[in-house]
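Below, each structure is written out as structure tokens.
Two complexes come next, and they have one chain in common, subunit A, joined by subunit B in the first and subunit C in the second.
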Partner chain A sequence: MSRYVITASPHIRNKVNTVFLMNTVSISLLPAAMGGIFIFGWKNTLPVILVSIVSAILSEGLLQKMLKMPLTWFDGSAALTGFLLALTCPPGIPIWLPVVGTIFAIFSKQVFGGLGQNPFNPALIGRAFMVLSFPVYMTSWMKPFSMVTSSTPLALYAENGGMKSVLAFFQGNVPAMYKSMFLGIRGGSIGEVFIPGLLLGLVVLLLTKTIKWQIPVSYLGTVFLLSWLFGMDPVFSILSGGVMFGAFFMATDYVTSPMLPKNQLIYGFGCGLLNVLIRVFANMPEGTTFAILLMNVVTPILDRKIKKPVGYIVDGAK
Partner chain B sequence: MKSKTFSPGGMHIPDHKDLTKNLPIEDMKPGKDLLFPLTQHIGVPSEAIVKKNDIVKIGQVIAKAKGNFSTNIHSSVSGVVKDIKEYPHSIEGLSMAIHIENDFKDEWCEEIKQPNITTLTQKELAKIIQDSGIVGMGGAQFPTHIKLQPPSNVKVDTLVINGAECEPYLTCDHRIMLEKTDEIIDGINIVSSVIPFDRVLIGVENNKMDAVEAINQYVQKHKTTVNIQAIPLEKKYPQGAEKNLIQALTGRIVPIGKLPFEVGCIVQNVATLKAISHAVRMGTPMIDRVLTATGDCLKEPKNIRVRLGTLLSDVVGYCGGFVKEPKELVFGGPMMGINQRSQDVPVLKGTSGIIFLSELEDLNEGSCIRCGRCIENCPMGLMPYRIVELTKNKKYQETERYFSTSCIECGLCTYNCPSRIPVLNYIRTSKSEVIRLRRKS
Partner chain C sequence: MKNNLLKIFTKGLFIENPVFILMLGLCSVLAVSVSVINALGMTLAFTFVIVLSELTISLIRNWIPKTLRIPIFIVIIASFVTILQFLLQAYLPALNKSLGIFIPLIVVNCIIIGRIESFASKRPVVESILDGLGISLGYGIAIVLIAVVREILGSGSILGIQLFGSSFQPALMFILPPGAFLVIGIEIGALNAFMKKYNKKVCSR
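Take a look at the complex of A and B:
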């Protein structure tokens, strides 16, 4: 008699696996990436993206080999880290910079035990490392459709005294400002400027049930309301900088965000709060990177909550 | 009618029911050799009362219940007892079983007479059911007579009938509801004549609306003493799990560690009710059952009535053999069923399906990416990933803080894990360790 495989139940599996999830996120980044490539020109963007992805995959393989860990460099997670990191870089940066950034990003993940064990979002850690170590490169922005450097709307806001200087840049025309902010005709990182692409990516992530709505909604909602309270234009606030990119693709990282939906709302609120506080009070125009990294620290605390199961009775009621 | 459901958790799984859902139940002739394991129920194994070379008839008791938590076992063919020794068993691996060689005369045991019943007491019904060897036919094989004797201090008002059939592939309950509607309703009438239920709710997943209609039309046409209603349920696994079914149909929640009695419910499978009808009206003990033989390997997937004790290899032969070499063989549904080593195992009272699968799943365990899918889908509202972490670190007792023992082992956590972590296996480990530690103290 032939012998059959013996395993414990269940005997079937959902087709969605880690590789599928990672690649879904990467695909949902494509519209925003293509927007950035179109706006800033492929010469300033495509090499950054490609080098970043390749270097992330290679550093993962190399580190895993060195640390004698199982090789999982093609599971899509390293590629995603590289892709995410590249999209947060200004266009036209020297090509060695994303290499350094991705090596640091992957290193920050592997030292804690690899995928699933890292306390911080690897791509954001990589970016934070680049911003702090090479601030000049990381804050030289390009004007869309040209090779000229320019300032980002947020930098205008932070350095020259608020909304007035932003509006002056747009000759006082508010709808024109909104329109060009929405379409990404402004200085900024490769992946953060093209808002329609980001929204399309969000729709893909939600429809494929890759992420839940809680974090993006509470993050953006908080930024909107708080900037309004602080007297900023709330629409300008959520369109500018990397808030949307962060809320959709960075804060929703499985590993570094809480697992229970209620905690995800709190986490999103925390991200939004810190983001606005950094923008208003701190010495830098943008706060997304550090807001999310700080909330990464809070995640383990939020995850300590024990959910009550179905049929749970309070002690004494028995 | 809006379909009801439970919450939280649960999800629809591709069900593959199209393979067999439109095929009427066929009668399969028994083969030459049949095996009757002495454990075909949860509880004490029955005691063999026949010897080697004894002549037996259909319906004859060949093993007697040992104590209250046990049931009789009957021969399903006429023939000769060849041996009583350890044989392959679909759940235990090996178990004492009575081997009967079929003489193909199909002679019935004279003792089986149509019982002359006008009224039954609860005790009498329980006796008939235990003597007839009836156990839960959904798969758990829990002795039915125990479920029908609620403790005197509880008020039971609802009979919940499980026609959900939420496991993928299986369609036998669906066919029974369509073809044997009268027998199911008769079973309900019998049970509710001894236990005064206020209502009888039959839960059926809404991929079987024809069954819902068949039952409700039958009930409308034939006056019944008790209020019977078939209710569509969302197609969402594990809709047929006892506690989830009660919640979906009545809104009541069975407290942790308690039985359905606690919320005034008794749950029975549709096939079990059909068996009760047979036992009470015709005196026929449990000698056959309807099951679904299916999977991508089988030439002709079928819904068949099979004599208990029939060897799996005979079922394969009846279904035309294989078109693809099966790699995995499941008794029951693919979510909660049990793998079989060979085709030498017999069909038991709880064997609701036999599935032959050609595709093996990727079982390489990766690391948890904390996606939260196990929490999201858990129908008991547990946090499976935490139990896995604690179990990996051998902190079994701490898993109790995460209610590991409330797990109903539906398997959705393992099914959905993108890293292919056998989540349920870890939970099983923690459960058995927790119970072991409890016994120790």
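Take a look at the complex of A and C:
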């Protein structure tokens, strides 16, 4: 009777590690971030982004020290959390707000055991906390290239009754609406408005094989089709709000999304479905944050279907 | 004997704290701990019902047929809850209004049924009263500890008195349901860490 020795993965290592992955994602966020900075003015956006990144790194270090965990505060994951969180904030929010949000975000990760153990996307938890706790700041949007407050296209849709009021806002000119929504000339979060930047980021992520195409495609496809079913302009639907940002950068987070391609398609579909349902039926204009967080909960169930790889101990082994 | 009675009273505070250790009756705890005043009112209502129910059931414990015990318990608890609700409506209408549905729901509070089933239906009267008082004190400590954190963070006040200047922005999430779960989870974790450190005896159970 022979005995098989089985070692746990990983068996082969390459140069891709956490630092490399996190920095790739951070770099691919840069075009969208620069677009947001240009559109809303650096005074309203740059401090939010910088403060958010610094406070995310510091709170990760402090929490890991307090919880006596290995210090990994410079592996880029905390910085990425801070960067992502800042990009989902409205421009011009008070500086203490991202600080509170990132502390909460990092806490939500560390309390489950740190990177790799967190059931929820930390940046989205931070954002959900900010939206629930300080709704006044988190829903006051800014008009592009000015300091005037305005509402987002989705808020127009939700509050004033459908596509009609959105079209009225753009003087009934559909191509002009598409154009300004595509270029980000609209109210919205810092990182979500500049669509060409987001697409560039997606290309970088796909070319470096940092993410696979399944989640973004099934997410956006579901949003497109379902919005069309519910009588929303489908192109408007995927250009508005944080759907693209969420589909490219939030839903594809390694820790909180499924691993098998088939499950990723289901996961993206679920995100899109919940997103549209929240937009159309709930009393919130946008539902990307909560749609992705809810699907994060489903991820372990989807992943349970993965068959364990080769290697079983033969009967009779001692 | 005296030592034994004291033990019955004090075990409800920490070792068998109904909220933090047994984790019973969490529904009303989470819902009512929005403000300290509500928490205190709920504790009073809870004390009234659990002490009187334990007293009554302990008195008649030898006449209760085993197969019918749960309906009998419920009828007795429900009678005291009805009395309590009439009293609150008459003398403390504001408290009655802010506690709302959670007063009638004391009837199905599993802490009370649990204590009656496991304690009052088997023990003499004095012990049952002490058990009821100890458990309600433990309940009160837990719910007030949760409410203090939630009211300070969620409304910036304590007992309705504003603590900070008008520039302070309370984090509304703490007076919403997610905040309740968050605070109770952190407090249970902190209590467990504390017990691990300072009371090896409790841990080794």
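Definition applied: the second predicted complex is superposed on the first by the 293 of 318 C-alpha atoms of A that agree within 3 Å, B and C clash if a C-alpha of one lies under 4 Å from a C-alpha of the other, contacts with A are read in each partner's own complex, and residues count from 1 in each chain.
Rule of thumb we're sticking to: a residue touches a chain if its C-beta (ideal position, glycine included) is under 8 Å from a C-beta of that chain, and two chains touch if they have at least 3 such contacts.
Since this is a predicted model, take the numbers as computed values, not measurements.
Legend: residue contacts after superposition of the two complexes on their common chain; A:G172 is shown touching neither subunit B nor subunit C. More residues of subunit A are touched by B (comparison of subunit B with subunit C). In the superposition on chain A, A:L260 makes contact with subunit B only, while subunit C stays out of contact range.
With both structures placed on the common chain, the touch criterion links A:P196 to neither subunit B nor subunit C. In the superposition on chain A, A:F134 makes contact with subunit C only, while subunit B stays out of contact range. Judged by the touch definition given at the top, the superposed model places A:G231 against neither subunit B nor subunit C. Within the superposed three-chain model, A:V100 lies in touch with subunit C and out of touch with subunit B [touch as defined at top]. Interface residues of subunit A facing subunit B in the complex, by the touch rule stated above, are 1-14, 16-18, 20-21, 72, 75, 77, 113-117, 254-255, 259-260, 306-313, 318.
The part of subunit C that touches subunit A in the complex is made up of residues 169-174, 176, 178.
Within the complex, the subunit B residues that touch subunit A are 8, 13, 168, 243, 247, 253-256, 258, 325-330, 334-344, 355, 357, 360-363, 366-372, 375, 379-383, 385-386, 401-403, 406, 409, 411-412, 414-416, 418-420, 422, 424-425, 428.
Partner subunit C is touched in their complex by these residues of subunit A: 100, 129, 132-135, 137.
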